[in-house]
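The two complexes that follow have subunit A in common; it is paired with subunit B in the first and with subunit C in the second.
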Partner chain A sequence: MLKNGVSPKSPRNLLFLFEVLSLFLLFIYQWESVNRYTYITGIGLIFIIYISNLILNRISKGDNYIFLIVTMLISIGVIMIYRIDSELGVKQLIWLSFGIFIFYLTYFTLRFIRGWQKWITLYIGVAYILFILTFILGTRKYGAINWIQIGSFSFQPAEITKILLIFILASYYSNTEKFKKYKNAKYYIMLIVYSFIGLLFLQKDLGTALIFYGIFVAIQFIYEEDRRLILYNLGLFAIGGIIGYGLFDHVKVRILTWIDPWSYIDNKGYQITQSLFAIAEGGFFGTGLGLGHPEFIPLAYTDFIFPAICEEMGLFAGIGIIMLFLILVYRGFKIALSQINPFFRILALGVSILFGVQSIIILGGVLKVLPLTGITLPFVSYGGSSVLSSFIVLGILQVASEDLPIDEDLKLEEENNEIRD
Partner chain B sequence: MKSEIRRIILVLIVICLSFVGIIGYMSYFQVFEAESVKMNSYNKRLWINEENILRGSIADRKGRILAYSEKQDNQMKRFYKYGSLYSHIIGYSYREYGKAGLELIYNNQLLNINENSAIDELINIVAPNTIGNNLELTIDHGTQEKARALLSGKKGAIVAMNPKNGEIYAMVSLPDFNVTSLKDDWGTISEDANSPLLNRATQGLYPPGSSFKVITSAAILKNQALSNDYKCTGTTTINGYVFKDYQEGGHGNLNLSQALAQSCNTYFTTKSLELGGELLRNTAEDFMFNKSIPFDMPVKISSFPSGKLGDTDLAASAIGQGKVLATPLNMVMVASSIANNGEMVRPVLVKKILSSDGKVIKLNRSETISQAVDSLKANEIKEMMVGVIREGTGKKASIRNVQVAGKTGTAENASGKSHAWFIGFAPVSDPKIAISVVLEEEGSTGGTSAAPIARDLIIYGLNNINF
Partner chain C sequence: MFNLLSILFKYVFIIIIYLFIFSIIRLIYLDIKSINPVSADDSAYLKLINRMDSLPYKIKEHYSIHGQLTLGRANDNNIYIKDPFVSKRHMKVTEDEGKYYLEDLNSANGTFLNEERIFDVVKLDSGDIIKVGNVEFLFVNRG
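This part shows the complex of A and B:
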């Protein structure tokens, strides 16, 4: 569908070169502790990324650049994680391999099963079940109760519910004709989304709550015919923010440490100030891989990976990462505009907004542009749930970038005025 | 659906602008804020460098070492030779308590870390240095010791500087603290109500009291119509507020010179009403009130009230009371500018930065930062300030064989006990040293308590400083 002016082959080779060079640097830095795993990680990374780009070109006729962009992000991320903690680096590589597998799985499932736009009730149901499970089985991690621990395996349900949210919104807004029969459908949708946001608030997962809100408002802005609702939404956000500030200590702390972290430097403002130190120390070119001190940054391998990268690779690498996200979002929107299937069009939009909003929230957070909320930087941060969900989302975008027929079932359904939900 | 596409593009634009905004902020942060952020003593990276680089030493103007580092058992150890004498100038550099004073401000120079350009950065990565740079201060160790001895047992500050080239010879603030026993004292120091951590010379804001009359005199001289005599009866009432003189029954007939010598409150308050707030404020601002003073250390901004002043406020301001506040450093600069034909020079504390092999890396030269008054008026005020010492309130600052000029001050404040001030300089024919003394909540007049301290320090300084 999208005509590529340049063959994806040459950026693929550039990426290969980048990986070889940065791994070489890493080897020099860790020369004394280089072991079997180092080689496995290095060769594994290059191999997995090169091969999967190659395969994708054969399978998908859609946009093959988005996967290239993502593999660049992955490369920077995994190299940085490995440099911080080699054990985590190896683990992350395993997650990435699994993530790429999930990417293909999502791609094929979505491509060859029909009728995704019809199952809105299912999405809503599963989302609520995941929320309830989190409350029952949830364990506290970094202040938020948003992890489910099963054995040694921990998992963050919100990573799945945010995808479900996109499906719910896409199902709803691609079938507005059908839902018109229900009088207050648009209010129900709003109520459901706000109940999600409220639950996330209670779990103290403010970052994800913001992502939900961002996706909802953006999609609503594009598709809601009743323009008043958008204003209501903005109003509710303001009211919710003020109530949250007064009611919840954790919201208050975020705002206070955002306005002036320096006064709370040895307790609440510790994380953000350490992040600023790292970015400041990096300068334009960085200290060089292995020559900085990401060990001073709390959670440098997940939420705070961006300052760690800025410290060692410099401001220019940081800007590079932001540009990669910008191009990814841009291509996502381009995919949406070219997609004629309304369901997949909204899916593509939701997914692109998700990438955009999530990266803006965490980048703004570690730079003290926005209040800091703990979420991962997609594809760069360490974390199984984050990697898997990001790849599912990417798989969705990949499908949406192809020529898809408008579902015939749907048309028939509409004609017969049949309601199945 | 045209509007759908329009809205999609709008959302895309918002997201893209957010990304661009973040990039913009990051670049701004890196260019303008990073340097000062890095200097924060909570930045542990400062201490990493510390372990590999021999921190430079700090010496006074005669080369006497005040602080130095040594390598002991593979660890860098910092030594401060004079305990509390330099607690507010040199400060300290300890892992547990961070850095303060010149140790903080000149950290990069002491460790010889240059990160001014990308090239320097690359050089640092390839060939990191191991020996830091040394600092040579303008301080004269003997004068500093003398100043602290004169002030001991009191609260307050003394600053002594060269009025022509801005070199600071001594800067003492009491109470202070012993930097060598910070570990044991930290609890008491940080909670002491007298705030020993505060450098009163640069950070203390005091009502200058009558010492401010030097500035009011400069304003009066600008307006020839005000030079007529005035009869002082001891009190004057402005808008129902009574301004009193120290001398009961008043000073009788006075001209400006006599009024300054006797520090006649009624003279200055009455004249100020004719002067107007605008002119007085402009004059104060020429003396660096309401302006930030460039210095090697952060300096609080002395304040003169803004906006339109009521008569009572104006009259109070004219005698350095009310909302007028000044730092001791600013007041010594006021005295210096009178000594230096009205030219106010930038104060200098760090004279030279020297590399480990003795090469001068940076020489700190002073410059004129403000023409406070023209030289004619400066010399008139100088003569009046000589009168203050010869026959006025500042008699106790007079020295045999050396002509001193000065002005005393007794500033009322909320504590109920007045601050005692003295500002001045000597010798009048060729001023070499200017001094400001403030004794916080001393409860006596500047003439009785601050003036003799200034006299003793001037005598010591003139005999011992290598000018």
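This part shows the complex of A and C:
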């Protein structure tokens, strides 16, 4: 319909083609282990994604690019996970279908329940309860106590608390007038956020602590009227970092293996050096799916999925992933700029910062640009809680991309209706 | 056999990923180019309600109103819509002493204000929805 040659259909069809081809290739690769169940989940997901992209245009008047971008990311991710470990791949397929369901659930609950900006105490309360639960029930996985295991089901509460943090900040900064009557409200909010960061530090979950800090500083930088607070924050960060380095061994190890992983190649630096080898091995076009050795990298299916993709699908695919994240974050900021409802505006901002910071931290980590902290690459890595929380966050962004009424507008509308009646 | 396929497919995959990125960037570019920034001194404008890429003809997101704004199928209108349901000269919005009035110019399929067909000159309030053919506009008056 558009003369310029690109119709809205074309990225959707490209995505479909990509998925079908990769499914075909993977089934040839794992010919012996493929059963009917795998077939059905694989083909099922392709259709869920295609139909979701189609329906979303109809039901949502908002942005229709973010879901497309994300479905491309999850397709690349799930192919790689399936190639590394077919069992995990099938699990991830199920998580993704569930994630898309959660996306719609979030979309409709956020859209049809009003008053989200009023429940700041609820968000704070739930966040603290989740932290306490983690300390009581938490199990240690890969050095951090951040998992709660109930039966065979385990999840990461920090994935939920980071969404709660965005809600807390959004409801605080969209109601600053209301909070002005408490004299020190801005210090209280800082204290709460720092207590979250401190608790994460105690759980040794450094990556998530960094995400919390990034979101807080960015939103404060945009909305805080008292500019001194931002300087205090940066100062506290520097001091906290230095103290953390001196006090905690696990922080020291991260810095050491970042500066010189080659001296510790046999134990602590093994992961990061393997990651660099994998990226170098792949070259620009990669070795081809199934022809590389991503199994040499520990945890190649979660945190270290990026070097695995670079090895087998090439550096160009890796650059492609970074570009997809760039467009996603850019769309997020654009959505925030055009949203007039202040609460959803800050939510959209927080969400885009979350995607940006999280992908920078882990991509920088595996490329040895930043000290390595174990967090997942949103949408690409394997992991139930990560997939679900990412889709909740995407649902928030989808709602924020629509024209939402401000509360004052609502009142005006009602008055107008009365007059007309 | 598998090795050959895999080596072939890696190029195909990279090409598809980049075509995908390119087409999305292209669509976003078209989206941005069509945004006509509303300057702060504009007090009244029409905002398109339909999703822009669902309409098969050229149309902008915002039309600011200065004195008079005409809509129709002919090219010399302020807003021209190549829709068979739109008459050559379909309707106009005029400003008079800070108030805005909507008038149908004897169009074949009519102009609808908030779902009701209009026959006379009607005063516009902020938030009114004007429908012409398949296209819907929101009237916004910030003055």
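The rule is short, and it goes like this: the second predicted complex is superposed on the first by the 393 of 421 C-alpha atoms of A that agree within 3 Å, B and C clash if a C-alpha of one lies under 4 Å from a C-alpha of the other, contacts with A are read in each partner's own complex, and residues count from 1 in each chain.
Convention: a residue touches a chain if its C-beta (ideal position, glycine included) is under 8 Å from a C-beta of that chain, and two chains touch if they have at least 3 such contacts.
A quick note: this is a predicted structure, and the numbers were derived from the prediction, not measured.
Novice: With the two complexes overlaid on their shared chain, look at subunit A and say whether subunit B and subunit C clash or fit.
Specialist: fit
Novice: Roughly how many degrees, to the nearest 10, is the angle at subunit A when you join its Cα centre to the Cα centres of subunit B and subunit C?
Specialist: Value: 120 degrees, nearest 10.
Novice: For A:Ile69, select first, second, both or neither according to whether it touches subunit B, subunit C, the two together, or no partner.
Specialist: second
Novice: Considering only the touch criterion stated at the top, classify A:Ile40 as touching first (subunit B), second (subunit C), both, or neither.
Specialist: Neither subunit B nor subunit C is touched by A:Ile40.
Novice: Applying the document's definition of touch, where does A:Gly283 land relative to subunit B and subunit C: first, second, both, or neither?
Specialist: A:Gly283 contacts subunit B only, not subunit C.
Novice: In the overlay, answer first, second, both or neither for which of subunit B and subunit C A:Leu291 touches.
Specialist: both
Novice: Just subunit B (first), just subunit C (second), both, or neither: which does A:Asp266 touch?
Specialist: In the superposition, A:Asp266 touches subunit B alone.
Novice: Between subunit B (first) and subunit C (second), which does A:Met313 come into contact with in this model arrangement: first, second, both, or neither?
Specialist: In the superposition, A:Met313 contacts subunit C only.
Novice: After the superposition on A, what does A:Ile222 contact: first (subunit B), second (subunit C), both or neither?
Specialist: First partner only.
Novice: Check whether A:Ser10 is in contact with subunit B, with subunit C, with both or with neither, and answer first, second, both or neither.
Specialist: second
Novice: Just how close are subunit B and subunit C at their nearest CA atoms in the overlay, in Å?
Specialist: So the smallest C-alpha to C-alpha spacing between these two chains is 5 Å.
Novice: Touching subunit B in one complex and subunit C in the other: list those residues of subunit A.
Specialist: Common interface on subunit A, subunit B vs subunit C: 285, 287-288, 291, 323.
Novice: Write out the stretch or stretches of subunit A touching subunit C in their complex.
Specialist: By the definition above, subunit A touches subunit C via 1-2, 4, 6, 8, 10-11, 14-15, 17-18, 21-22, 25, 28-29, 57, 61, 64-65, 68-69, 72, 76, 285-291, 312-314, 316-317, 320, 323-324, 327, 331, 412-413, 416.
Novice: Taking the complex as given, what residues does subunit C use to touch subunit A?
Specialist: Within the complex, subunit C touches subunit A at residues 2-3, 5-7, 9-14, 16-21, 23-28, 30, 51, 53-54, 56, 125, 127.
Novice: Using the touch definition up top, name the residues of subunit A that touch subunit B in the complex.
Specialist: It comes out as residues 218, 221-223, 262, 265-266, 273, 276-277, 279-281, 283-285, 287-288, 291, 293, 296, 315, 318-319, 322-323, 325-326, 329-330, 333, 336-337, 349, 353, 356-357, 360, 363-364, 367, 369.
Novice: Across the complex, what residues on subunit B touch subunit A?
Specialist: 4-5, 7-12, 15-16, 18-23, 25-27, 29-30, 33-35, 37-38, 40, 42-45, 48, 115, 118, 121-122, 125
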